[in-house]
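For reference, the structure discussed in these notes is given below.
Note that the chains are named A, B, C and D in the order they appear, and that numbering of residues resets to 1 at the start of each chain.
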């Protein structure tokens, strides 16, 4: 994919605050560079999409190239939770708890139709949460059932773009 | 044993058994009270030796609830289907067979969870999939859930 | 002998003398210590960052991947990005945890590894302090790290952490023996516990070659047991990701977790450099007796290149273990130590003592 | 500290210590939750808690037509997606008494076996990872990609294909299919030796798995443990042999049977099964007859009233589909007898008296796919 196409599909960068003093913006840039290039996901997968997530980490697609290498099993040490698969009513409180256990800053990717909207289990189903954004805030949505590993890589790259927009002011606002 | 012999065998064991015709397997309705003894006998007797319960299903037939046992003998290779009715829709109860076939322990919990059939003498009769405080049993035909189900 | 150009005491001695000349002795000592401390801190950071990167690339190589390659050329800034991220991460205080111990544990782990590095000679005349009981000191200090691990596991108020800490305790207490005994085998051969003297003793041949088979056995035993002591490779039971999520540091986040992470790599570096110093001749070049020309060429390679080269080789071996073998179970781990490594070690010492007594070594 | 020292040792031993593995835990392969009571590191008892991915597929099926059900069976045991589809297709075809073209049977059998191989590859990858050998994970997934390429070429997707339809296939196979399958077999025959070198022959691996989690034949039958796990205990339960479907009756293959029934033999059984699958594919791949890729079907499929039971052999064991039809285009009740759900029941029995590390190894050797347990 060409760089131009990658930047063309959204207008994320237009939201970037203009102004600010040189010192702070430089620090912002450094921190954002660090954060965006070192997104450690939580080892968490509920169903089919998890297999594609594993495939994305494996030899052919190799997540690690982007610095997303270290899958941490402990939520305390991870930055990103990839909700790969259906979230059901019984799982929703657990997911919320996992999200709460993660340390700031933390990001969420909703991977696959189930996590985005309930997917094939939207109708006639008594136990499925229709979209993980009912439970935790989502940064990037990746559609597909299941999305290909390339789609996950693309989603993560979009997340990196999003992280690069953060400023120290934002962080303070969140903590308040 | 072929189907006719099995039929005789089961009739001798449970005289009240009713047989359904034209099925893939030999199918017999057993009264709920006699299920446990019949099952025990069918498993332990040398000539039947139904040691493998390969499927146990709860069905809501609207008038009554039904549990279907698919049995197979790994020794002789023959199969039989036992069906047991639970007429009471409010408090249905059937004897457990999990002391005979261990696999029934989980299957019965599933049936209890989704259809609300209580199994007597089961060691751990709790819901398996849904929360403990979930209301109703989803696989029943009259199950209504305005909150969770989006009808197509 | 290494030619005098590479004698670092020529560099360090004037600094030392100048400091004592200008300042009163107490201040000179303090200034010297601060200087050395700062240098080590820098060294520590650089080695840590480099080792994490190296491990990623080595494991990627073993696993048919390319590893990090987007952050800087060949991904060399990857670990710096990780470090910045970890530095800026939220530190979570666990409710119902023992606050003091919880906070202190990562520092104990990292200080223990920091202390051990002081005794290691990097090149001729380039070491912080040259104890005459250097080996004893290193063995003593390196086992302090387990206190930190135990405290971390205990204070986190998490059952996985506790199990991980208990495993780590049992593991280090037993493997400490093998590490010590395998080093003592060489001490018998060298006749000294001072690192600089041990290195000097290998001027005409590394101990792994000089000491016949017992030295080689001691090297293998040291590799196995030191891998276990650093909680790495097939012996990473204290972390055991598939069993205990993250073991003793399950509850740590941000920079405190980074300390544990870094300490693991630094311990690996220390262990590798001890192995390089004691068995592979430290900064001594590779010499073959009677090949004078060859020996002279070898002498022109600076000693720290030799030193880091050998250390890197041992580190690569340890990484190779880690990415090849499945993990042991706790009882097998202890069986391996008490039933196999320890008896072999004891016999090995006897054999070595006999060889030295008879003067059969080179 | 003082108190602990003065307490009698016996009192300490009697205390039970529970740990909670899951729902988010690396070794449960999904969202299974195991509450383990421990004594030291030894597992005293274990209670599985399921339902963290219970999606109510059986209830949904009551509102869906048969072709729609196929898409839901994909998502149960996603690693045996094709075989699950095959089960539903066979059920409908048998009920309507449709004779599918011979070509379809061949293609279905070959693709089923490819599915089995890729599932076992993933299992091998995860098994190695659970035992601490991370490199296995990458080796397994590397080779799995090759099969996914073949699937992608012919079926159009990587994981959930829904390629089979009642009466045949969605579309014909890609012209390259035969060549790429043969290439894969050639490639994998070489690579599977790496698997043995990396894990099977490793001394640590053998120590970890031999004599761990022994399952007797009687228990295997009583617990309904099917698939490679059951066959490692000597329970001859291969549906492909006993109730052949597709063209398994035309292929010559061995049912892998062991009597030891420990973790190691469950491992070996799966490894051998990969070899057998390759053998089946090799026998069939050159003989795919020409013909239609689908039989003629009505636009709306209605099963005659009655009961149907169809069994297929997935990568994890016997999958049964029990369907009660009342003559409508949707089933009255459909029940999936999933192999994983039965296999889960034995985990408590197997892991008692072993250590946590063994529990992980036993769990990995039973090869759970959690959405198939919960459905």
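In this section, a contact is a pair of C-beta atoms (placed from the backbone, for glycine too) under 8 Å apart; a residue touches a chain by one contact, two chains touch by 3 or more.
Everything numeric here is computed off the predicted structure, so don't read it as measured data.
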| item | value |
| --- | --- |
| Chains touching both chain B and chain D | A |
| Contact-richer chain pair (by C-beta pairs counted) among A-D and C-D | A-D |
| Whole-Å separation of chain centres (CA-atom averages), chain A against chain D | 30 |
| Chain A and chain B, separation of their C-alpha mean positions in angstrom | 46 |
| Distance from chain C to chain A - Cα centre to Cα centre, in angstrom | 37 |
| Multi-chain contact sites of chain A, meaning residues that touch two or more partners | 59, 73, 90, 123-127 |
| Chain B: positions in contact with at least two other chains | 129-131, 138, 152 |
| Sequence positions of chain C contacting 2 or more other chains | 63-65, 241, 245 |
| In contact (per the touch rule at the top): chain pairs | A-B, A-C, A-D, B-D, C-D |
| Interface residues, chain C side, partner chain D - complex | 59, 62-65, 159-160, 163, 167, 234, 236-237, 240-245, 323-332 |
| Complex contacts: residues of chain A adjacent to chain D | 42-48, 50-52, 54-55, 58-60, 73, 75, 85-86, 88, 90-91, 94, 98, 120-121, 123-128, 145-146, 148 |
| List of chain B residues in touch with chain D within their complex | 22-25, 27, 51-55, 57, 59-60, 68, 70, 74, 77, 101-103, 105-107, 110, 114, 127-131, 138-139, 152 |
| Chain A-facing residues of chain D, complex | 23-26, 30-31, 51-56, 59-60, 63-64, 71-72, 75, 78-79, 122, 137-138, 141-142, 144-145, 148, 158-160, 370-371 |
| Chain A-facing residues of chain C, complex | 56, 60, 63-71, 75, 77-78, 80-92, 241, 245-246, 249-254, 257 |
